[in-house]
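Each of the next two complexes has chain A plus one more chain, namely chain B in the first and chain C in the second.
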Partner chain A sequence: MTMNERKTIDLEQGWEFMQKGITKLKNILEGLPEPQFSSEDYMMLYTTIYNMCTQKPPHDYSQQLYDKYRESFEEYISSTVLPSIREKHDEFMLRELVKRWSNHKVMVRWLSRFFHYLDRYFIARRSLPPLNEVGLTCFRDLVYTELNGKVRDAVITLIDQEREGEQIDRALLKNVLDIFVEIGMGQMDYYENDFETAMLKDTAAYYSRKASNWILEDSCPDYMLKAEECLKREKDRVSHYLHSSSEPKLLEKVQHELLSVYANQLLEKEHSGCHALLRDDKVEDLSRMFRLFSKIPRGLDPVSNIFKQHVTAEGTALVKLAEDAASNKKAEKRDVVGLQEQVFVRKVIELHDKYLAYVNDCFQNHTLFHKSLKEAFEVFCNKGVAGSSSAELLATFCDNILKKGGSEKLSDEAIEEMLEKVVKLLAYISDKDLFAEFYRKKLARRLLFDKSANDDHERSILTKLKQQCGGQFTSKMEGMVTDLTLARENQTSFEEYLSNNPNANPGIDLTVTVLTTGFWPSYKSFDLNLPAEMVKCVEVFREFYQTKTKHRKLTWIYSLGTCNLLGKFESRTTELIVTTYQASALLLFNSSDRLSYSEIMTQLNLSDDDVVRLLHSLSCAKYKILNKEPNTKTISPTDHFEFNSKFTDKMRRIKIPLPPVDEKKKVIEDVDKDRRYAIDASIVRIMKSRKVLGHQQLVLECVEQLGRMFKVHNTLFSFLFFFFVFVCESFVFLNLTTLALNEMLILQPDFKAIKKRIEDLITRDYLERDKSNPNMFRYLA
Partner chain B sequence: MPRASSKRKSSAPQNPPAVKSSNARSAGKAKAKEIENFFDKYANGGIIDPDGIVTLCKDLELEYTDVRILMLAWKLKAVKLGYFTQDEWETGLKTLQVNNLSKLKKAISELEKEVRTPPNFADFYSFAFRYHLTEEKQKNIDIETICELLNLVLGPQFRRQVDLLIDYLKVQSNYKVINLDQWLGIFRFCNEISFPDLENYDETQAWPLILDNFVDWLRENHR
Partner chain C sequence: MILVDGITLLCNDLQVDPQDIVMLVVSWHMKAATMCEFSKQEFIGGLQSLGIDSLDKFRERISFMRAELKDEQKFREIYNFAFAWAKEKGQKSLALDTAIGMWQLLFAEKQWPLVDHWCQFLQAKHNKAISRDTWSQLLEFARTVDPALSNYDAEGAWPYLIDEFVEYLTENGIVQNR
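The block that comes next holds the complex of A and B.
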């Protein structure tokens, strides 16, 4: 038929024709025997609509057809669809619903194709919803609205059954829930409001019940296993039939009910809680604990706290162990850092290794746990053992590793590793400056007496210390190491000088080590009366040194020198390696057969302490070079001494050690003094610039300043001369206003110490209290 | 200077000015002479020395260690412990309007009231310390003397605090002497800090360290 010849179709007629098609569709959907639509069928239906819409008024039936379209659905749903669903329940209802929904979608698809022409112009012209939407809305308004409650309950029941372990038809649930999603036609509102909310509520109630039972019956690890399992299953559930947007909300609910609510009870379970797990090294359970608790808000705080307490307790126990062992030691050995303390340091290192591994593995390198570890170590690492501060213990430990014949016998790599760990421990110690001082003293000893085992290791640890604590920390020590190299060069040119100047003849083989004072620890210089032979040496060297430079001051420290003497005993001549002090004493016997204690003391011009020590080493120790009268084990001022010509030993060359004076007290005194100066200088500097300042502000600024590093401002150069141990001292002048300071390293300032210094400065008229406000200070110019 | 003569004479309502001032002058001179005589009674070589003060105390019926003597010293603005110079004596007694023993006795009891008023007391308290610095350039006073002084000067008003503080000072070993700043701090402490709870004591403030230690000691031993 051509357009011109088209006959007008009137509504009744046209609709009757359409109705036939619709009925056919319904039959197909109902599963009745009905042949499929052919393309001709389709064409006819489509064209009918087309014609009826394009006819001239009053025969353009677009509106009516639009309405009838909708009515078709409404009629079908009301008469057939709804009743069929209503008569069923539970799972069967769900199945019916799914089927009917599926059918409906098909129906919508087909009918909207038939009526498609309406979509093209009519709906746009009238701003009406498109056919597709109309169709779905019918279902929503008639079926969904009535039934969604029941559906939801049925779904939730099935979910709970699955949680209890029953098998359910997951595909069915997926289809049902898809309806909730699709019915929103792009919005998730229906899904969320009509299903998700209730589902979450039910989930919460479900797990709340479970948790309240489990928490009473299960141990912490078991509970956590169950929790982890539940979370896994819920996640699984989402991926199988819930909408993906439900996942975070669902998991959050579960975590809340299982973990947040019972967090404390779980962690503090008596025999299986966090403490117990740490105690029993249950690494896997702890890892699980971390995984679970990291998901709940602030969940890790209590865990990291318990971790901190545990590590602190372990560390403190080590301290106590060492203390107890030390108190069983003999009284005389008390001031010497002994084997127990070495063991203690090693154990602390092991403890650190162990729990650092925990932090890295179980606790996945989380900053909170790094912090806990740090704080725990800071607590017990600053407790001393048996009168020795942790700073001293660490320094001694290093010394043992680095010196020849030290107690630690390790391979090169092991040493490197150990040094690395020691430096890490240093980070926890608050008195780092004290460590530096002890370390320096021991380093000096190693360097001056050639006791350093390995130069590379010495440099290596200095590099590590520098990295950790900054250049200021290690500059003096590095200077010391460099000095020795320079000293050797110096010695070479001294020897050249000697060969070029036959007049300058010390008469003895002389080796001298020249060192820079500022780098080395301070040594007291006593005015030892040198034997004549040595005096000549000093002279000769002095002259040589004048040729090198006139700008430097030499101070000789005899207490550090060594001397090789030939002892002409009756049996044989033996070479004795002694200190300069000992040598000076022995040489006295070249001109006197017998000397009293006081004579020796007078002639040497040393203190009682030194004289007692050196005489003891020569007459009461392993090698009796001198005979003592009376022959007791200790030196008293009434003793007399004679050269023991009958002395003999199978070795041709023996070393007679002179035990060093205990440095501990002096080191601590030195450091305390340095700190006082530093605090004074800091206070004065702050007050000078501020003129008037409140107490709390002053203390705060002082603390801030002292936490940083200062530059070394002065050193009068002096040189240390070795061999006959001429060590120079220089005096560091501390001028408070020009701020020449000793190095002040990372110092934990003590508020009381600062207060004390302020009061001292008030007494010395640097500051005064403000008359009207006692909390304010004024600078007194 | 008020004229003592006005108290005695009530006869002539109006003296001609010239007569009046001459009266006044002679009265004033008489007064001064009396004060001088009074001074001489106790003076030895132009100054009242410790012995003189002992005698004075006997006459005043006061113990040598009585706080009122110290108050007298304060009023006299005495400089050297145990001595009153002629100047100090004369100026001080003039201020007190005193020229003989009985008047002095009366004045001293009045004086006590005067001293205990707040602004005066603070000044008196500070004076008490400085007065006891006997050597030149001395800045501190030993603990034992401090304890006695505290008892004397602050005891009546702050008995509890002073007793405990004295106990503490005797057992602690950090400080062997006390300086003026600490001394003044003690006074501030007694005035400002509620006792014995010490609720409002804040050691982060600029209290002298010795008081911080005292508070710690109190908290440890007396709770």
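The block that comes next holds the complex of A and C.
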């Protein structure tokens, strides 16, 4: 058939034909017995439209067909679809709606295929909505617009029923909600505005009611369990029938009503709140608490605060416990760090382990909780116990682990672990420089008197300290450890020298330890008058030393030497291991039978303190080498002494200890002095460059500068010190002088201290106050 | 040099007590270096600046000098002058007893309610000499901070001793907790 021969189809005619097709389709949708469309049926319908659109005017009926297309839907919806839905309610209505929507989509699909030709040219030419859209819009405008409110309410009712535990038809709900989505034809507006908003509001109201009941009836853990369950269920709900975009909004509402609103009440519940959970170690509940509260804005702040308070309280209780125990000690043992303090440190370590585990496990390594733990520990770790600062306690604790015969008997691994933990604790202590000093002093004792249990452990802890506090913290200590190795080599060369120069031999076995002054703690050096035999030794070594180097000065410290003397008593000869001071005193009796206190003091050239101590150790202690007249328990300046020839002991060799002087005060003094210098230097440095500066700013800059580690002075000169040991009428002395190199770790300088130094600098005319503004300072050149 | 005896005679002639604060003002005008001493230069120079050439004139000027203490600016100068004047030659700080005596005198002129507490505090807690900075800042403190300490700035640049004084007042309930 050619175009010319095609018969013009009249609109009425053509539409009548189309109408048949449409009716057929409706029947099929209604479920009436009706055969399916064959290909020919389809072709005919399509071609009819085609023809009617391509006819020459006035017979091109595109516009009319377009309108009739839409009217077909409108008619069908108004006459059949709407009434059928309207007459039903609740769930039944929803089912009808779903069915009708599904049918409608089919109808749109088919009809738009029949009328497809319009889609190809007509709609584009006239910029009209395509057929698919027209079809869906009809449903929307007629059905959806009227019914969406009812539908929404029905859906929400079902949701609430499900929340109460009833079983509902989830598939149905999914289908209904799909309508809301699809009706938007690409936009989510209808879903959000017509359904979601109301659903969220209802959800909020629902949970608000629930929460207000639960908060009164349930304990915190129970409430949290319920909350967690609710959140889980809502999430589940979304995955089953709500649109995925609702999830965050929905969960947020639930979290708000269940958690945010009642957060404080929940946490502070008297017997089951956060405090109680921490107290009772309810790890699981705490983990849940973390999970829940991490979801609400700033939810973790109060939790971490309570955590901090709890840890602080526990720590402070430990401090009090130790203080109480210490105050029950006998008065004379007050200044010595005793067993209670050791126990205290160990308990603090345990506390730290415990709560660090909490932070890592329950609180999932969250920074807020790390911070709380740190702040808590900083509070009580800086409280001293029984007059000893925490810095000293830690240093003593380390000493006990590292020395031979220390009170901590542990395996190698256990020691490593313990040292690791101690170093971690050091992070919380503000007076780190004080710790360094105490540690250094005790390290010196361990090294010099060969009391170190294990070299590897010594090095290991230094490595750990270095990692934590930087190289400057440990450089001196490392130097000390190295020095001993060098000293041994030096001794070997000395012995070689003696064997090569037999004339030089002083006739006494002599061991010398040469050390570098700067590394070791400062020891006071007194001008002890040595016995002649010892003087010779000193000279010999000096000569030897000259052969090695001429650029260093030797300073001798006798207070740390050891001597082995042979005491020829009546019953037998006994070897006495004594300090150099004691030996010098004893050797005086080689030439005098009886000496007074003052004679001894004059001949030895020592202070009263030293003389009293040493005479006490020789005449009033366990071993009475000297007889004292009068035979009282204390030394007085009017006493007289004689060699006790009748002394006897079953041991061939005895050690007569000389109790050491208390170092504590000196250490604290030294550190304080160092700090003052550092602060002064810092202030002057700042003022010199700024010329004029306000008080607040000066303090702040000072704090900043001092917070880093730095060297205050440089090496002015280096000294070496020596250490000798003889056997058989031998003596040992140790000599050391410190160097002015000071390293300081002021990590939390004191505002008051800085203020005091500023005032001191004003008095010393380095600074002045500005005449018009007393809050400003000027540098005086 | 006019020394203690000479000064006593002078005071007799002026009909003024040697402990009278106006003598401090006189010393100030004379730029005297130390208390109880006037060098010839200081004496003559002071009289010239005051326009005094007779004993009668001197007596008249006494009341003028008393009035000078009421002037805020002059009082401050006199107060600060008093530090150098009252301290021992060669010392940098003022002995506590002397300082307290001076303060009693000066703050009788310019009322400061806390002066007694201040002196008590020093004797109980400090017991050392007073630095120049503390001396001069105390006047500022008395002038600017009210006795209830409501406008005291703990973060300010007050000397350490004054901060301690504030703590002392709060601890002993003399002033309410701020």
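FYI, the second predicted complex is superposed on the first by the 746 of 781 C-alpha atoms of A that agree within 3 Å, B and C clash if a C-alpha of one lies under 4 Å from a C-alpha of the other, contacts with A are read in each partner's own complex, and residues count from 1 in each chain.
Methods note: a residue touches a chain if its C-beta (ideal position, glycine included) is under 8 Å from a C-beta of that chain, and two chains touch if they have at least 3 such contacts.
Predicted model only: the values in this text are computed from it and were never measured.
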Legend entry - Three-chain arrangement built on chain A, chain B and chain C clash or fit: clash
Inset, instruction - Go through the superposed model and pick first if A:K404 touches only chain B, second if only chain C, both, or neither. - result: neither
Inset, instruction - Based on the superposed arrangement, let me know which partner A:P774 touches: chain B (first), chain C (second), both, or neither? - result: both
Inset, instruction - Mind sorting out which residues of chain A both chain B and chain C touch, each in its own complex? - result: 694-696, 752, 755-756, 759, 762-763, 769, 774-777
Legend entry - In the complex, chain C residues that touch chain A: 92-93, 131-134, 136-137, 140, 155-157, 159-160, 163
Inset, instruction - Under the touch definition given earlier, write down the residues of chain B that touch chain A in their complex. - result: 139, 179, 181-182, 184-185, 188, 204-206, 208-209, 212
Legend entry - Contacting residues of chain A [partner chain C, same complex]: 694-696, 752, 755-756, 759, 762-763, 769, 774-777
Legend entry - Residue ranges of chain A in contact with chain B within the complex: 694-696, 699, 751-752, 755-756, 758-759, 762-763, 769, 774-777
